[in-house]
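Okay, so chain A shows up in both of these, paired with chain B first and chain C after.
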Partner chain A sequence: MSAPVLIGYFDNEAQVLDATRAVREAGFVLHDVYTPYAVHGLDDAMGLKPSRLTWVCFGAGLLGCTLALSLQYYTSVVSWPLNVGGKPFNSFPAFIPVTFELTVLFAALATVAAFLARAKLFPGSRRSVLPRVTDDRFAIAVAPREAPSELDAAEDLMRRHGAVATDLLEEVAS
Partner chain B sequence: MSNQHLSPLREPLVTEPRSLGQLTEEICAPMERAPTWKWWVAFGIAVSVLGTGAGIVGYQVATGIGVWGLNKTIGWAFDITNFVFWVGIGHAGTLISAILFLFRQKWRTSINRAAEAMTLFAVMCAALFPLIHMGRPWLAFWVMPYPNDRGSLWVNFRSPLLWDVFAISTYFTVSAVFWYVGLIPDLATVRDRAKAGIRKAVFKVMSLGWTGSNRTWSRYETVYLLLAGLATPLVLSVHTIVSMDFATSVIPGWHTTIFPPYFVAGAVFSGFAMVLTLMIITRVVLGYEHLITLRHLENMTKIIIVTGGLVSLAYATEFFIAWYSGNPYERFAFMNRAFGPYAWAYWIMVTCNVVSPHLFWFKKIRTSPAAIFVLSLVINVGMWFERFVIIVTSLHRDFLPSSWAMYTPTMVEVGTFIGTFGLFFTLFLLFVRVLPIISIGEVKSVLGFAREGHAAQPHPPAKPVAEEPHPVAHRPASPVPLAIATRKDAPV
Partner chain C sequence: MSASTHEEAAVSTSGFEVPPAVHRAAQVLAGVGLGILVAGLAIARERALTSLLTSGFYFLCLGLGGAVFLALMYVANAGWFTVFKRIPEAFAAYVPWGAVTILALLPFVSSLYPWAKPGVMETDHLLHEKAAFLNVPFFAVRMVVMLAVWVGFTWMLRRISLRQDAERSLELAGRNVKVSAVFLVLFSLTFCLAAFDWLMTLEPHWFSTIYALYNIAGLLSSTVCAITVTAILLHRAGALPQLNTSHLHDLGKLMFGFATLWAYLWFSQFLLIWYANIPEETVYFVTRLHGTWAVAFYVNVALNWALPFVLLLPRPAKRNPSHLLRVAAILLVGRWLDLYLMVVPGGQPDGVALGVFELAGFVGMAALFTLAVTRTVRSTPMVPVGDPYLVESLHHHT
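== the complex of A and B ==
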């Protein structure tokens, strides 16, 4: 993104929700909204779709479950069947605890890995941060659809919705 | 507005009016100032206890576990007691962070970070005991199923001891990941406050380039919910599997089907007691009485009443079934527990776990941090004795009277146990110094909880001119003066 981006700063949750809705309804392109904590209702205001990470979690859980059962079946029945206390080689009920644990392990690690990859979070990231948005400021970043001049209208709109400051940046990290 | 909690029935979670900026200041302050002499004294004691413990462990690894007081009859005693004790304590953190999250208990926000850290440290202490018990801890990797040149000889997947390996390692990994994910936004807050230097560099790496973007927050919330959903059955599975170490054997006193729920209730009971012990000290030392409020303490004592009741019910059920089953060995095991040579341990357990939690029915006691602190210690003692009673009394009277024996711990065993307290407190004291011990982001999100006018809203919103007014724009004005919330140098 190389087009200039207009940043409007707000100092409370209610106003940023309100302004986000207004900016979106007025047809501007919402680049992003930056908040110090997860503001409930902001996803709706921005029109974000529910995350698909739940599918990663389900898939990885399924994979972990399958791998765990296969490993236990292979080691206990195929590779070296050992008679332990006269139990059947494929003692399926006894395999459940390890299967459960590995399902959870795979699902949790894969979900977090997918999240970090999708959100491009990694150690050594050089992304710049807007001032005070991790502390007590909320910021709306608006990108123009066509002409940068229409950002004036966006600025006006955000001011009317309580922006305490506005700023024009050449580029902003997503 | 979805995050407004204006019901008159609700009480604020943060009892003092604070702005967002003030909260950041307050929570970051302890890690940004030089440690006090009290911290150094506490840290010095913890490290020396840890050092002593490490020396003792070194001695027993070099000599062999014959230095313990175990004998042919009592093959499990102090180490397994301590293992179960620490694993139990390690249950409260994930319970608070995952189960209370799923139940939308918003009061959890100011204690979950520290409780999760406590969980991790307790699980580390717990894992040490089986490791030492192996005698040759450098061969610990033998418990993992890996292709080897012994034919591939595999581990026995039907053994609860192996289930334990998977349960504890998964629990530790998932808890650590859950904790770290929860930390990322706060690490970014600390990063953005730090001036250039080592702190800035370290937190820059650790915060992974977090910008506060709502696109990321949206995914983050999904991941957090998923992790909470995964951690909830996980935390229940861990102590269930620990209890199966006992329940799948044929020892009278162990071979019972109520062990899984009984152990899980006991774990939550002892875990909350340990969280209370730590939080009562922390909130006073760091001046967080308005964040970790009396209400938090009271809520936790209520959970203790419930889980204490469950534990008492389990004791009674065990006794009843021992009589009702008509099994003479089972009946003997329980009569011997209550009236045999270890009766003193049994009655300490009953006093601490069955009687003492009932003091929490009194509002006066529930709202007195000093009284809660004493009772939390009593409960921890009681829960340690519970494990001791279950393990030692069940073993010391064998089926064959000729092998009946008594058990006394040696100094090595006692020293190892005390050493793990050194490890636990060393890690906790370091944690208090280097990371925000309260989840800044989550407390900010509940700052406006039950506060009319929203404390986080410093001045009335500008009136939308000409634009058709959004109904949500009409919000009552806040009494908090503009200056406090907008000036960074406002006194905190």
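== the complex of A and C ==
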């Protein structure tokens, strides 16, 4: 893609929230918003759909739970039954601690991995970073819907909401 | 922020007029319920006493839980809960009432506790060895001291908060933190003792060191549920318009978390006793896995953890007031069943017997609790205008 993207820089959280909402409500295509830390309420302002990461977490947890139970059942009942303290081979309560740990481990690792993959944060991934957005600046990236000339109006809008600088980039990785 | 001036203008500084019908109904139910319990002392003494202990302790825990919730929040410098902090404060106002319901057990100690039965010390060697601790005078002294500590600290926490409304000084916010820190230490010690004394000695041969912590998890879980229910009901009645979805979301997370903490401790107690398989410990679960008690035993886990866990897992579930009301109801019933399972099977191993005395105890105490809470809500401004965290709480966003 080679459509130009307009970047508006802001100095504080309240302005970027207002500007994000205004840009979206004015009908521009919100490419992304970059902030140095997680800003409460930005999801709403951007109109983002609920994250799908929760499903990864749930699925992986379920998988971990099932694997843990089956592994313990297989090893202690099918493959190598051992009499431990006169308990039945299939001693469900004894399986619970390992099941709990594996459920949590699978869910946590899979969620982090899915997040990194989705955000393209892995070795070899080349992403341009806007200046100072990991430090003290907030940036809104707006893509034009049709003609690039729309971006003049978007620039105007962001300036009115307190943008301290704007910039036109030819391309920003999504 | 521009919105804050509007919101602060909308903050009401008067108490909420609870509909007289609610108050009237609570008075009647409290009278009828407690009347049946008193009659029960003559007809079926053991049933009436276990019901008094189960439900009395249940609601005393809610009152105490209100104070513990406040203290935890103060000590953590939390600001999100301030908008509804008058609810746990109103719960805390029940503690003196709850203390009376527990003190009412004192004349009947010998009918309720096996170690206090006349002549038992001569025939039971194990109890004879424990006689230095398990005797009625010392039991009574411990009870009075613990209740006095709780009444004193809940009174102090409420008083400081009400003074904040008038004086609006930061110094009082600091004092809240100090009093809370001392209270939390004393609470954890005294509550452990209370759980051991009042509940565990019902089966004086048996012991479990995690028992008190497991009870604290139940206390926290049921308190968060009761706070959530009260907050939603007051919001619907128009008394707490500042309560937003983010407050509910966080309360929902706490419900989810404490239900899971309860399950963790419940299972820790069960697993170790099941694994070690020592008769003097397993006797507790043998009784509870026998006959109809087994049904109650599994239902208990479903109500206190399995159902709430599944029902509160999705994010939207924790932000939906009607859904939270349902889950809170499940957990509140579960907490009662949990206490019932601690109190009753020891003296009544044949099976579950739920009847008019159990119902009367619960309804009577619930009505008493409602009376104490509505009385406080009526006389106290709903929003703590002098709390420095109020603005943060009004803008709480998750």
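Definition applied: the second predicted complex is superposed on the first by the 173 of 174 C-alpha atoms of A that agree within 3 Å, B and C clash if a C-alpha of one lies under 4 Å from a C-alpha of the other, contacts with A are read in each partner's own complex, and residues count from 1 in each chain.
As a convention for this text, contacts are C-beta pairs under 8 Å (C-beta built on N, C-alpha and C of every residue); 3 or more make two chains touch, one makes a residue touch a chain.
These numbers were taken from a predicted model, which means no experiment stands behind them.
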Superposition-derived comparison: chain B or chain C, residues of chain A touched: B
First (chain B), second (chain C), both or neither touched by A:Ala14: both
Touched partner set for A:Thr111, first chain B, second chain C, both or neither: first
Touching partner for A:Pro97 - first (chain B), second (chain C), both, neither: both
Which of chain B and chain C A:Glu150 touches, first, second, both or neither: neither
Touching partner for A:His40 - first (chain B), second (chain C), both, neither: both
Which of chain B and chain C A:Asp167 touches, first, second, both or neither: neither
Touched partner set for A:Thr54, first chain B, second chain C, both or neither: both
Chain B and chain C footprints on chain A, overlapping residues: 14, 40-41, 50, 54, 85, 87, 94, 97
Touching residues on chain A, where the partner in the complex is chain B: 11-15, 17-18, 21-22, 32-43, 46, 48, 50-51, 53-54, 57, 71-72, 75-76, 79-80, 82, 84-85, 87, 91, 94-95, 97-98, 100-102, 104-105, 107-109, 111-112, 115-116, 118-130, 132-136, 157, 159-162, 164, 173-174
Residue ranges of chain C in contact with chain A within the complex: 1, 267, 270-271, 274-275, 277, 313-316, 397-398
Interfacial residue positions of chain A with respect to chain C in the complex: 14, 40-41, 50, 54, 58, 85-87, 93-94, 96-97
List of chain B residues in touch with chain A within their complex: 1-4, 19-21, 24, 145, 151-158, 160, 162-163, 166-167, 170, 173-174, 177-178, 181, 184-185, 188-189, 191-193, 205-206, 208-223, 226-227, 230-231, 233-234, 237, 241, 244, 440-442, 444-445, 448, 454, 456-458, 461-462, 464-467, 470, 472-473, 475, 485-486
